[in-house]
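Below you will find the structure I want to go over with you.
Chain nomenclature is as follows: A, B, C and D, assigned in order of appearance, with residue numbering initiated at 1 for each chain independently.
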Amino acid sequence: MLTYTADEMMTVTAARSLRNGMTCFVGIGLPSEAANLARATHAPDLVLIYESGTIGSKPGQVPLSIGDGILAETADSVVSVPEIFNYWLQPGRIDVGFLGAAQLDRYGNINTTVIGPAYDSPGVRLPGAGGAPEIAGACKEVTVVLRQSRRTFARQLDFVTSVGFGDGPGSRQRLGLSGGGPRLVITDLGVLRPDPDTCELVLTGIYAGVPVSRVQENTGWDLKVSAELAEILPPTEAELAALRDLLASRSPAASPAAPAPVAPAPVAAAGVGD
Amino acid sequence: MLTYTADEMMTVTAARSLRNGMTCFVGIGLPSEAANLARATHAPDLVLIYESGTIGSKPGQVPLSIGDGILAETADSVVSVPEIFNYWLQPGRIDVGFLGAAQLDRYGNINTTVIGPAYDSPGVRLPGAGGAPEIAGACKEVTVVLRQSRRTFARQLDFVTSVGFGDGPGSRQRLGLSGGGPRLVITDLGVLRPDPDTCELVLTGIYAGVPVSRVQENTGWDLKVSAELAEILPPTEAELAALRDLLASRSPAASPAAPAPVAPAPVAAAGVGD
Amino acid sequence: MAQIVTLAEAISAAIRDGDTVAMEGFTHLIPHAAGHEVIRQRRRDLTLVRMTPDIIYDQLIGAGCTRKLVFSWAGNPGVGSLHRFRDAVENAWPRPLELEEHSHAGMANRFAAGAAGLPFAVLRGYRGTTLPAHTAGVADIVCPFTGETLTAVSALRPDVAVIHAQRADAQGNVQYWGISGVQKEAVLAASRSVVTVEEIVDRLDPRPGAVVLPWWAISYIAVVPGGAHPSYALGYSARDNDFYQAWDAISRDRQRFADWLDEHVYGRAAAGHASRSVTAC
Amino acid sequence: MAQIVTLAEAISAAIRDGDTVAMEGFTHLIPHAAGHEVIRQRRRDLTLVRMTPDIIYDQLIGAGCTRKLVFSWAGNPGVGSLHRFRDAVENAWPRPLELEEHSHAGMANRFAAGAAGLPFAVLRGYRGTTLPAHTAGVADIVCPFTGETLTAVSALRPDVAVIHAQRADAQGNVQYWGISGVQKEAVLAASRSVVTVEEIVDRLDPRPGAVVLPWWAISYIAVVPGGAHPSYALGYSARDNDFYQAWDAISRDRQRFADWLDEHVYGRAAAGHASRSVTAC
């Protein structure tokens, strides 16, 4: 009987989405955990690129920040921050960008700036854009990882920090966004992908033991379900062991860190049998 | 009796114009000889910057090219070529730019591109612009070093490669050139400086034994002579020794190199008594 | 022309009330000690510029030094919110905080334009986002060759840049290595600069990945060992992740923050380093 | 995704007739051996791009490979003219040579724009000179914030970049140090790339001043010891200044040049390096 949390399922699913030899622009938190799990398991030649300027970092543990020394010390190359954005991200050299989000809409647009309609006196002030707008614009594809709720999966964003498919088909072209946009959204309940015709995110994968109705209840719009909805295999023993090793290798004080910069959403730590 | 050539007088005069602690953007050939002579004599902390990206080079000899290994090995910092132009030259950080020229006009504009009126089928094809236009544009002041003749001191340039004072007062401001422009022209006959009102180059210094008429005969326009025309002191024994040491330290094959990229003009190797 | 002085002298000479100040460092080499000295000298009405304002900017905001923040990501990396920053934005405490908000790529290019002596930089970005609606210094620009529309961002030209580096030599050449961020651009874009260093050595041995800023491009250098703490200086110290975690609780409460500031910043001399022993508090 | 192949294979796979090719190197690390292989493979109608075309471009022009030259300074550094270049421009021999002429700052920024995926770059330059009258890809551009007029230059996007580096590792990561020129920008601006290296090592030890290009940003790598000669590879060879001097006489005369080419380029296999023993000729 393998017991694991919803966050572990989410991280394992995210790790599986990365293919060996890809180049991956990694945000901090859960994206970094997933990317390093992929490196530790099926994708040893995954190329990790952090916005701090480290190219090809091979940390043996999950760094707390995108600027930890281990990222520079294990990198193939460390470049300046202007260079990482201008020469490496902007021209579309990076296969996949891994992003978190505070809010996401049906077109995969992302808000990490403010919650509440008034920018100048917001309900919650979030950290802001960081590297996300250009990661979302330029990577060949984008994967978003976030916990799913009616608050995070919003009908209407309070602020568009990073563009997914804008207001639907043709938006990215009109805006001159060279990358492919969000191809995958991974949550603690399942997996969403954009419909190729409408660009709207639809549920294409679901974790064992999670009913579709629960995913829909935790979505702020009328979530469509793919005709080919698949159940996603639970973590293998090897995946779980590798993930827990990775996280345990962080300093004890670092491990309880919330992956999202806002107050953690209440997440059901689903213990699911294997 | 100290014997020296006109070229040696020119180089020594150029070296004397550099003050200790200045930053100097150095072109190859005679400018490099002069800058290194200054470092070897009165200006040990002169900061040499080459367009190959070396900042603070301290070569013990005069390099043949701007990319010789000694320049990188002795530099405080080696940066990329885009960086040397964008971050170091363009913003006006450099005190003095040292340039050569194939043709110069009365406003200190420079031609290093073609001789002859037809660009597409020129009489003589010269190397072109290199770093000169932006050195001429951005350095706080510019010093031009070239042998003087009716051919090199031209009434009308065949091509304006680098701007001095354009067509006179106000030109640099209109063109948005942030640097101060040519403050000094050093030849094998004497020294010219721009008139503060007209921006036209006038003869302000003359070498021992050179009559003013000879300078005027070797100028393609009606050269004005400053009311404060001064005779420039001949090289000291120490200056000459340092210069000859510097040049002797170059490889034997390298020393006969012509400092100007065009066929050398016939220069009187004036042996002048001290 | 680098002058080697004390930290108190450097801050006093370089930073005036109302200045625009960029204290840069991308997680690595953040000039915390210099920031504390700014708080101690009670500078006011500063416009603070930084890609990733984190704890030291949270402190400068909470201490009331700051009128405006120019930034692209304001958080406690890997931990969560900056509570003093949020309190200022959400509740105008201790004073209102004006925001000028960009993306990382935009800020990096704004610094680069400043370093290059250009009034603007061009990038692919901002289009389709809400950012331009709230941010000055972003405009469309059309390529004169292809007709394509791109984005221009205005150059940053701070009055002062403040950075921390591993070493300087006696002449004032500064050397740092590891994650190098946007510090070179910040120093070259600014009118004046302050560099705190771990140590001064006779000669800067070449090091892999090292950036060297020449003495004539620097204004003031002060020796402050550990001056980046709780950030780190590769080869000299490790990032104090425990302090970043602890800051979350310290900064949530106004009084606890004030007490912390009294004890660890106001209560210390310039030469000592404020947050060294904070994990014990 | 770097493939390690022979020089002949690399040139054959990467460069086609009519391509735009940038063989970069700023005095240091000039890819002479690769240029000779292009001559041997009798590529035609190439547009050659380089800030400082020197001897190897003189040879490619004289050998009839070249339709157009995009450049900023064409000379034999420290020596004088490039006679094959001048013969092509002044006398259309062996064929007319179209010129696209810029300043160094312009070319460097054009490469940088190409590397950054932008259609143009902005700089202070060209204004008041005759250059824009004869050169496409230069235009005024107005700052949307200050109204100031600056200069835009069009991006360079070569089909192929060719460089020489000190080392690569078995995975294809490339490392070079010393004067690093505009090679990174050239490789990143180009669709394909060929890198000749002095040697392949198991692991690239970090080195002061080293640039590392990752394996996934490189197309072909070929081991060619001495492949920069008469240019040099810092730490491996010295610049052969005698050869640069000797080239002046060799290249002045069409027949003497042709004989040199027969003996030292056409007469040699790809693996050997052409001009090694030229000082004896």
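Note that in this section a residue touches a chain if its C-beta (ideal position, glycine included) is under 8 Å from a C-beta of that chain, and two chains touch if they have at least 3 such contacts.
Worth saying up front: this structure is predicted, and the values here are computed from it rather than measured.
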| item | value |
| --- | --- |
| Shared interface partners, meaning chains that touch chain A and chain D | C |
| Pair joined by more contacting C-beta pairs (B-C or B-D) | B-D |
| Inter-chain centre distance, chain B versus chain C - centres from mean C-alpha coordinates, in Å | 41 |
| Cα-centroid distance, chain A relative to chain B, in whole angstrom | 58 |
| Approximate Å spacing (C-alpha centroids) for the pair chain B, chain D | 28 |
| Sequence positions of chain B contacting 2 or more other chains | 86, 90, 138, 178 |
| Chain C: positions in contact with at least two other chains | 117-118, 123-124, 148, 150, 184-185, 209 |
| Chains that touch, pairwise | A-C, A-D, B-C, B-D, C-D |
| Residues of chain C defined as touching chain D within the complex | 117-124, 137, 139-141, 143-146, 148, 150, 152, 154, 206-210 |
| Interfacial residue positions of chain D with respect to chain A in the complex | 1, 115-118, 173, 184-185, 188, 204, 211-214, 216-217 |
| Chain A - residues contacting chain D, complex | 21, 23, 47, 55-56, 76-77, 86-87, 90-93, 138, 178 |
| In the complex, chain D residues that touch chain B | 26-28, 51-52, 71-75, 77-82, 85-86, 89-90, 101-105, 108-109, 111-112, 123-131, 134, 148-150, 178-182, 184-185, 209, 232, 234, 238-239, 241-242, 244-245 |
| Chain B to chain D touching residues, read off their complex | 28-29, 51-54, 63-69, 71-73, 78, 80-82, 85-86, 89-90, 113, 119, 121-134, 137-138, 159-163, 166, 171, 175-178, 251, 253-254, 256-258, 261-263 |
